[in-house]
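Next come two complexes built around chain A: one with chain B, the other with chain C.
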Partner chain A sequence: MTVPKPTVEEMQERAAIDRSARYPVLFFFTSAAAWLFVATILGFFSSLKLCVPSLFDSCPFLGYGRLFPMHMIALVYGWAMQAGIGVMLWLMARLTKNELRYGTTMIVMGHLWNFIISLAVLSVWAGYGRSIPLLDFPVWVWPMMALTYALIVVWLIPMFRSRRNSYVYVSEMYLVGAAVWFPWIFVAANLLINKGASPVMGAGTDAWYISNLIYFWMGPIALAVAYYIIPKITARPIYSYPLAQAGFWILAVLAGWTGFSRYMGGPLPAWIPAVSGAASIFILLAVVATVANFLPSLKGQTKLWEYSPSLRFTVMGMLMFVVYAVLAALSSTFTFGKDLQFSHFQIGLDTLAFYGFFSMTVFGAIYFIVPRITNAEWPSGSRIRTHFWFSTYGIITMVVCMLVGGIAQGGDMAQWDRDFSTSFVNSSAYMVGRCIAWGLISFSNFAFLYQLGLMFVGKGRKTDGPTLIHSEPGAAADARAAAGLS
Partner chain B sequence: MALGVAFAIPWLLLVLVPYISLAKLEPVAYAEDELPDGGMTQYPDKNLLRHGASDYGRDIYASEGCAYCHTQMVRPTYAGPDMWRPGWGGREDDGFARETRPQDYVTEKYAPLGYQRIGPDLANVGNRITDRALMHEHLYNPKGIDRNSGMPAYKHLYKDSPFGKGYEPTEKAEALVDYLLSLKKDQPLPAVVATGG
Partner chain C sequence: MDSPEEKNIDYETGTVSAVDLHDSVRRENPLDKGGQGRIGMAAVVICCFILIIGGGQIFQTFVANGSGFSSNIYLTKDYQPMPRPSLGGDAAEKEQVAWIEDWMSDGKKVYNNCIACHQASGLGIPGQFPPLVGSEWVDGGTKRLGAIMLHGINGPLKVGGQTYNQLMPPWNNLSDEKLAQVVTYVRRSFGSLPEGEDGVVTTEMMKAARDEFGAHTGPYTEAELLAIPADANLSGAKVDLETGDPVGGG
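Here is the complex of A and B:
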């Protein structure tokens, strides 16, 4: 079964929607990519500090305790948030067949968002950080962030309400979910943590926030992208709509219960991390539902992977989503968690979520969206390939090193009669791996930023036909034609 | 609507209700026959937990990102081997070693439970290192204490001594050391708390 070809009127309508989205969406993507490059450089230097702790140790601005939170803020709020917002705006406009309105307001708010995130990063750098993972910035920053986010994303709701299709696409459900859940999580976490009435629950709430950010915001956006890109590129409809809905509701019902298992065995009532652990395991049902839906669409289409950049990144992102969910579930049990808790594994797992599944999927969306809104093609297929492979090898290096290094470190820490520093010394080789991983990812994103920059300034390829991997530019009408599938 | 409910239920039951109930924890008085030495009459004893440290020291701990490499959370033996490590759970010799509890953090606004353990747990570091000069040395030159240490030197918290030799702590270093020396989360529990009654 294949999707029917669009009519000329539909093509014109789509082009009008793309034109309306051009400036805001391209603005969010480009500034996100710039932040991503900054974040990867900070990731590299913070990892280097773990390899050589005495490096620049008389300089207060180059300590791991400052560089690492800066890296996380740049990665999550600079890159992920802006890239996610760009994807949300375009995808919602396309799916609901509405032109994007208030573009100027969005660009102004986008500038404001960049300014606020710069303040957040610089304040941590200047020594005003608070050691609250992902919410390190001074207390006056978060209300500005919440307000700016709301003023950008609120326009998705009227678009969704005035949709012109008779039923709700799965991607639309995920987008609406992500749009409304994030402000609630963000405001709730900040209010409770800053109130300071229960210090232990404050720390627990932060762990809950990180997990909810992943399952309630990054997950839904990545899944919205996958439910759009995979059927588009393979030209096959979603295998089962009820299954997709089931996956959505399982995630929606369970995601809010996750997170506290980060502090299992800690000074919280023991049932709280236990419930979180159970929720992390049951979320695997949503993952199974999603995979079961995508596999039939991808069956027999493996050749498309060689040609389509969007499909390649999206499928790799989804693969990482599965790996993330499985590792998160395993580590939320005492059997595995008691040795992995607080080890290098934790940073590997968080990076797998931020870069592995979210970013890789969103790259897939960006490679699909930008040619449509700029009416030009990506300048070079080989640079896309560089971006893909260096990113993939980078994140795999990161996760494998942190997983194996985490197991080694956890094993050393469990030997209570040995010096604690043994666990640091024995895992130092894996720190070199972490450095190399960020080096690879930095390089890949330099290629991405350069290419996106060319598209931003109008230097995209203007000839016919898409830029595909392993194919001369414009040689085939689409990835299916290049792969000999149509 | 359904999206809101999906979120609201866990938020209410998992986050808000436990938050409020833990915020309302009242100190528990010791029974007459279990009063510990040191003039403590209740657990937690907020004034004694501070041991003279100021909020400023805690802020330095937070702004230098110490919590990214050090936890302050001792797990019970079923959840990890923390209690087996000498000194981590508190003063073993006096029989005070135990896992950490919510009341141990009442002097903080945010419990720095930590993100990773690149370095050792600090919940009871004030019991392990009691000498002020040694704590300064730990911050100024950690490799001098343990050559395998992965901790960077915090030299920017110190200035060179005017006498040409050694170093002088700044106000920040003094406050941080005050805070670290105050970290003792092993106040004896009244029987009614220890048994969960």
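Here is the complex of A and C:
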């Protein structure tokens, strides 16, 4: 199945859309990358505290109880939300063939968002954290966050309504979904936890929020990126449009049921963890639909995998999405979950979602988008290679250590006649691995931030031809195929 | 690579653009709605597996466990909060507590109703409230004690050679079980029981007391109590102190 080559008018239209999106999108990407670097450093130091607990003992500002929530807030709201918003804006503009409007409002709101997240991180640092995973910040922060998010993302809706295609592309569905689902889960979780819900239900709601943040916001954006990048780079349209739609609706119906299984066996009515565990399993249907759609596009494309940064990051991200979904489903069944809950396993699983699948996919999008909005090419292919391999090895090391360490820890905790401290002593070796992994990831993101900074200040490569992971695509015969690589 | 002139030529149509287009825009592949590809058999089989496993999870809670959507069932059959023997813990080895210890500790809780007058020590307050320690009303048969518990006492009463003029309230609002527990607690803690007597009053015995004295109205007077034989016991089977099971008639 081939699609006609675009005309010059279509290319000019694309260029105009890219120009309109330039400043807001670049702003969100750059500040997100800066937050990501901060988050990885915090991740490194909080992991170091688990290896050497007596480190900085006299200083409460460097305790694990403050460093880890700061790390998570910086990672999720500083990096992931902003990078996700940047991707949403550009993708929506391109897919609906609308120029991005209200760019100035978005940049102002983006600054405000950065300010609020800084306040949130600093107040946790000052000791006002509330020990509610991912909602640690003081209670006055969340209404501001919700409002700011709404004022940035609300402009996607008129854009979607004035789309100029005869059909709704799959990525558009996911983007609209992510845009409207996040405010719902964020406001619902905060209202329930802060006003009304019993502490037991509050803990359950928090687990629901984390799971929904992954399946209702990060997942859809990552999938929107993958459904865009993979057909773009491989020049093969999505294999099956109905299948992609089915995947979307399965996710839409089931994601809201997941999460509570994290507190299985707790003082919650038995059906809640059971149903949410079943939902986590049924969500694998959406994963199967996605994989079945991408496999035909990727079949035999080893050369593209080798050279294209966007494709490589995106495919790696999707791979981790599959791993995440399978592990999340396993750990939400009673058979495995009861030995894994409350251990490092859960944190490892969350990190796999935040960094492994969401961030890797979004890196792919950023490597695709930024050359187009800055009219310049990435300065160095070898730095992209560094970013990819250090990130990949880092996150794999991290997740394997956390999962295996988590199994050891959970198994120890499940034995009533064993000293509680044993569970920490036995899993402490894996924490060294976690520490090293954050070091690797931190290094890789320094390379990324440096590269993005060069693009931001206009120091990108001005010559033609994409920057590829390896410098030369090879023989002259490949030159034409290389056209779509980035 | 291309010269600036070449760059703006559309090779398909041969037109030349007046606007300089960046290479990244020109090299981009087009996007299309997507095909109508068929789903492979492998995907269908995997989906079936997922449906079966997920369905099993629901089935176990809703049908096998029988809890449905009820909000007051907290335990799932499949989730065993206790460690399993396969992990090295022995779930069955729960320490056995004798029945009488549970019975006494429950009785002690009920006795909290009594400590304002009789005190935690059971010694009462000299001259005001009679002691339970060394009291003939406690040490004797259980019939008198059962009657007192149900209806209370009004007026002068001689305890241990001293006369107390007080009102003891009736406790017949408490259940037979609670009354039995507190009487057992009082007799075993404060009484000086005859040889071979375990001092236990069971729920069954307390029920017999209620049957016998339930018709009485108002608190007892000393004269009424003295009409009950001092060594008469409430009828009911004696129990095994370890298990709480009845052992023959008595």
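Note that the second predicted complex is superposed on the first by the 468 of 486 C-alpha atoms of A that agree within 3 Å, B and C clash if a C-alpha of one lies under 4 Å from a C-alpha of the other, contacts with A are read in each partner's own complex, and residues count from 1 in each chain.
Following the convention adopted for this analysis, a residue touches a chain if its C-beta (ideal position, glycine included) is under 8 Å from a C-beta of that chain, and two chains touch if they have at least 3 such contacts.
Remember, it's a predicted structure, so these values are computed and weren't measured experimentally.
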item: First, second, both or neither for A:342, with chain B first and chain C second; value: first
item: Partner chain in contact with A:54 - chain B first, chain C second, else both or neither; value: first
item: First, second, both or neither for A:414, with chain B first and chain C second; value: both
item: Partner chain in contact with A:97 - chain B first, chain C second, else both or neither; value: neither
item: First, second, both or neither for A:228, with chain B first and chain C second; value: second
item: Which superposed partner A:170 touches (first chain B, second chain C, both, neither); value: second
item: Partner chain(s) touched by A:375 [first = chain B, second = chain C, both, neither]; value: second
item: Partner chain(s) touched by A:268 [first = chain B, second = chain C, both, neither]; value: both
item: Which superposed partner A:243 touches (first chain B, second chain C, both, neither); value: second
item: Intersection of chain A interface sets (partners chain B, chain C); value: 264-265, 267-269, 275, 334, 338-339, 414, 416
item: Interface residues, chain A side, partner chain C - complex; value: 1, 3-8, 11-12, 14-15, 18, 95, 165, 167, 169-170, 228, 231-235, 237-244, 264-265, 267-271, 273-275, 277-279, 281-282, 284-285, 288-289, 291-293, 296, 333-335, 338-339, 371-372, 375, 377, 411, 414-418, 463-466, 483-484, 486
item: Complex contacts: residues of chain B adjacent to chain A; value: 2-4, 6-7, 9-11, 14-16, 18-20, 22-23, 61-69, 71, 73, 75-76, 78-81, 84-86, 99-102, 104-106, 108-120, 143, 146, 148-156
item: Residues of chain C defined as touching chain A within the complex; value: 1-2, 7-8, 10-13, 15-17, 19, 21-40, 43, 46-47, 50-51, 53-55, 57-58, 60-62, 65, 67-76, 78-84, 87-89
item: Touch list for chain A against partner chain B, complex; value: 49-50, 53-55, 57-60, 63-66, 68-69, 127-133, 176-177, 180-181, 184-185, 188, 192-193, 196-205, 208, 216, 249, 252-253, 256-257, 260, 263-269, 272, 275-276, 334, 338-339, 341-344, 346-347, 413-414, 416, 419-425, 428
